[in-house]
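Here chain A shows up in two complexes: once beside chain B, once beside chain C.
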Partner chain A sequence: MLIFTLRRLNLFIFTIFLLTLLSFSLSFLFPGDQLINISGQVNATPKQLIVLAEQYQTNNNIFQQYFAYISHLFHGDLGISMASQLSISTEIMSFLPATIELTLVALFIAMLFGIPIGFIAAINHRKATDNIILSISMIGYSIPVFWLGLLAILIFSIQLGWLPSAGQLSLLFEIEHVTGIQFIDILLSDSPYKWQAFQDASAHIFLPACVIALAPATIFVRLARTAMMDVLDSQYIRAAKAKGLSFKQIIYHHAIRNAMVHVIRDVGLQFANLVTIAMVTEVIFSWPGIGRWLIESIFQRDHTSIQGGLLVLSSFIFIVHIVIDFIYAALNPLARESRHGT
Partner chain B sequence: MARDKIYLEEEFPSPLLQLWHNFKETPVVMIGFSCFIFLTILALFSPLLTPYTSVENHLDFLLLPPAWNDDGNVSFLLGTDNLGRDMLSRLMHGTSLTFGLSFVVVLISLGIGLVIGSLSALTSGIKSSFLNHFLDVILSIPSLLLAIVIVAILGPGLSNTLWAIIIVLIPQFVHITRNAVTQEFRKDYVLASRLDGASSFRILYHSVFPNILEKLISQATLAQSAAILDIAALGFLGLGAQIPMAEWGAMLKNGIDLFYIAPWTVYLPGLAILFAVVATNLVGEGMRHALKVSKEA
Partner chain C sequence: MNLLDIRNLSIVLKSATNPILAVDRVSLTMKEGEVRGLVGESGSGKSLLAQAIIGVLDDKWQVDADRFHWRGKDLMRLSIDERKAIISKDVAMIFQEPMACLDPTMTIGKQLTEAVDGEQLSGYFWQKNRQRKETAMTLLHKVGIKQHKICLKKYPHQLNDALCQRVMIAMALAKRPILLIADEPTTAMESTNQGQIFRLLASLNQLKNMSILLISHDLENVTHWTNTITVMYSGQFVEAGTTKHIFEQPFHPYTRALVDSSPKSNRGLPAKSRLMALPGSIPILQHLPIGCRLGPRCPRAQQECVIAPKVTNYHGHQFSCHFSLKDSY
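Moving on, here comes the complex of A and B:
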């Protein structure tokens, strides 16, 4: 386990290094002056610019510039937003938790429905149930998410009026911004209308989370189905059958556990995909998350924000990857030994 | 007297032909394949087939519902949008933008990925390890985010988003080529031609490529469905195809404001995207199934 941890740590450091390198080089690639791109000070006077140039060491060679950038990052300084002139790290801190909340709820919904349905399909392999599930899942991951979101708003928010269509929480509730994750904030607050606020927040997150969850859920269906079929084909299931265990016992005690392990390994790979879907959905549902913020930054030509957002969002995804890798390794002793490097 | 067959000859179809034999076994896949061909024909010949051009305004017929509606007009089969442009013509023109360009995008990134992947399969040690990690990093960045970054560098526009999508798709082709080539290089027939004195590049070109082509094609169909969705999503966000273009995602965006009075301007482009992606996915699924069957046989 120690070697496994070291390897992951190594990979993590390498990845973060590459990501910082990428975001550092972006400041040169974006149109406009590099110093302004990296710091976001669009209204700086010539005197301030000289101070900035000193800070970012733009007159020295490229390595010193890079190290100056890294030391800024270590101080939590991602520059200021070109559009709002606020510090980017505070902006990200206020937008990222909403995205984390949304993606985690969506991931949870996707796993909750996708994995059992995939198991059912595998158990009924080559029967009508299997075919129906497969066809539905095929349509599920072919639907463009922005279209699905619009249809969901039209049906559930406007025609039926069941769920709110935009935002994170009704404006009636005053909830203090502590962690940024709405549910935790509500539970922490001492508002007398805590439970109403909680219900309202759940109603707000339900629709966008379901829209995001659909495509990953169908992928989980397929992953779970393949994993379950592999497990059911294996020798130890045959041995269990030979011992005379009933089908139910085999499924519940042997097959599900072993199949779950394989599914969990692939959850991490799906996460980047899920965040992509979430970014589009945030725009449609006016969710105050980092995806919407980034897309708005493009229209405002806010290069510093894009640079910071890329760095933070990709590191977040990579951290989730690694966490899931650890969960997988904890569940499956075989994984700790055999994987090399990559 | 003609004697065309004297001996009972055993035929060995090429890997690609074998794939095709297995591929056409499943009826559903063939339906998907016909839809794929249909879309390809539309993409190529839409300017000749459409009743109107994609920007022609009919100011007397603004927001006309589809022909089956009571208020519809049969000369505008799928209705018109807010500027009186014929939806059917726009959708058909959109085929060449959304579907046709996704095909081009996949071909280009397949080509680039193939070159990088086979080069990296031939190298080993620190260079290949670095490349692997580098690809992992790129793969961990969400495709939309990468596209946003590239659009921020190059500026919005259809051709710029196409470059973005090409770059987004390259890593998966590098990955699959690399794995497939390393796998093939371990096999005996490669060893045989190596003993004959063939150079690595010769082996790659004459022996390995024909055998990994099927895997690449199956990956390419999957990449194409992703590319269609990406082009449409970027068009929808206003980063891709700009306003008069009949790209499906951009059409959808144009229709949002009219969603309640003219829902067909949103339904139809969405259905078109869904249709194209399902057709592509069916072909991809069929390809993967055929690959599995020929591996087991």
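Moving on, here comes the complex of A and C:
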């Protein structure tokens, strides 16, 4: 297990290294001066520019420049935004938690519905249930998310008026910004209307999270269905049947666990997809997340923000990846050991 | 009284266009305490027959039989659930590739305790868990695993094939079965491990009077351990009798060929001469010959062979062939 952890850590360090290399090279590839791209100081006086050049060691060779950039990163300095002239790291810290919250809730919803439905489809293989589930998941997968988001707002917010259409929380509630993750902040706050705020936040997150969750959920349905069918076809299930276990026992004790092993592995891969969908959805639902911020930066040609946002967002995806790998290892004893020759 | 009495069991692979008769009217009887070998080439339907007996074939297959008696009880008259209850109580099965038959994500201990029959335990529910563990331990001792503590904590991939097969046998023993069906229990195993497993099965047969149906493709290997042998070819019944008869005086040309092709009987051959073997190979399920399915490969085949021969009984030695070797001895 220790070796497994060290390997993941190793992978993490190398991936982050490559990401920094990418974002560093972006400052050269973007149009404009490299120093301004990397620092974001658009209105710097020539004097300040000299100081900056000293800081980023632009006059030295490329390796020293890179190490200067890395040391800036380690000090939490991603430069300042070209558009707003605010520190990018503080901007990211204020926007990222909202995205973390939204994507994790969406992932949870997608898994909660997608995986069991896939299992049900596999158990009823070649029956009407299976076909219905498959065709619905196909339809769900092919709906474009921006259209679905608008449709959801139109139906549930405007026509029916059940759920709010934009934002993270109603302006009526005053919640102190501690962690940035709304639900935790609400629970931490000592406002007398804590539970009302909690309900309001739940109502706000429900619609965007569902919109994000739909496409990944349909993928999970298919993954879970294939995994379960493979497992049900396997030798140990036949052996378990011969042991005289009932169908329920076989499903609950053997099949689900083994099928989950296969599904969990792919959940990590789908997470990147989910974050992409979340970025679009954040724009539609005016969710104060990093996706919307990043898209706005792209429109404003804010090169420094794009570099920083890219770095942080991909690190987040990668961390989730690693966490899911650990869950996979917890479920699958085979993965925990270092295998030789592979 | 026969333990198991099956008459004319057929297994059909269902398909919309042309259903395939994979096993064609095979009969099998077993006495109590007997070790019977079921021998045939790969694809001769012997595993299918075993799986049909224990009832783990999925719904692609359709099983019919004229008679299916278990200890004098007619199982054909019972509902599927009742049949399953009786069979799973008294009959256990071990498979080839034991490692694939154990759940890879669960420890041996958990799987073994799961197999322990709750009815055998006495006491209240809070005592049952401990009793289950103790039963699992004694089961491991019975199959010759002494380091039970280590073994119970292991996952299947951490044990070797022979140990996995021992664990499978321990699981099978948990229900105290009367009949154990061993479906090629030692394929892909080293010969020392093979010997261990066979000796274990033999001792279980002698000490606990457990009947064993030993399925194998290797006639010579099986003869050491069995009292009687049934030979199948391409889903058809070939010959059944005591091991001695089958090995020394086979009546059916196919059994004759099997016996002749074994290395032991080829020992006297001069160097670089051809080994005895039937020409050709077993037909695939989509292109089965009519009548006796051995026909195209049989050295004694004649025109009558397009009609499947009836089973003939000669002093308890059954065979199905129009032109048997009975008179040649």
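Miscellaneous remarks
Here is the rule we use: the second predicted complex is superposed on the first by the 336 of 342 C-alpha atoms of A that agree within 3 Å, B and C clash if a C-alpha of one lies under 4 Å from a C-alpha of the other, contacts with A are read in each partner's own complex, and residues count from 1 in each chain.
Note that a residue touches a chain if its C-beta (ideal position, glycine included) is under 8 Å from a C-beta of that chain, and two chains touch if they have at least 3 such contacts.
The structure presented is a predicted model; accordingly, all values stated were derived computationally and were not measured.
On the superposed chain A, the two partners chain B and chain C both fit, without a clash.
Once chain A of one complex is fitted onto chain A of the other, the partner contacts of A:H253 are limited to chain C, with no touch recorded for chain B.
More residues of chain A lie in contact with B than with the other chain of the pair chain B and chain C. With both structures placed on the common chain, the touch criterion links A:A240 to chain C but leaves chain B unconnected. Contacts of A:N332 after superposition: chain C is touched, whereas chain B is not reached. Looking at the shared chain after the overlay, A:F14 reaches chain B, while chain C stays out of its contact range. Look at A:T276: by the touch rule set out above, it reaches chain B but stays clear of chain C. Contact with chain B, but none with chain C, is seen for A:I306 once the two complexes are overlaid on the shared chain. This overlay, made by fitting chain A, leaves chain B and chain C with a least C-alpha separation of 12 Å. Shared interface residues of chain A, touching chain B in one complex and chain C in the other, do not exist. Across the complex, chain A is touched by residues 129, 132-134, 136-137, 139-145, 148-149, 151-153, 155-156, 225, 229, 232-233, 236-239, 249, 252, 256, 259-260, 263, 266, 269-270, 273-274, 277-278, 281-282, 285 of chain B. Here chain C touches chain A in the complex through residues 51, 54, 56, 84, 88-89, 92-93, 95, 97, 100-106, 114-115, 155, 157, 168, 171, 175, going by the rule given at the top.
By the touch rule above, chain A contacts chain B in their complex via residues 11, 14-15, 18-19, 22, 26, 29-31, 138-139, 141-147, 150-151, 154, 158, 272-273, 275-276, 279-280, 283, 291, 294-295, 297-299, 301, 303, 306, 309-310, 313-314, 317-318, 321, 341-342.
Listing the residues of chain A that touch chain C in their complex gives 234-236, 238-245, 249, 253-254, 257-258, 261, 331-334.
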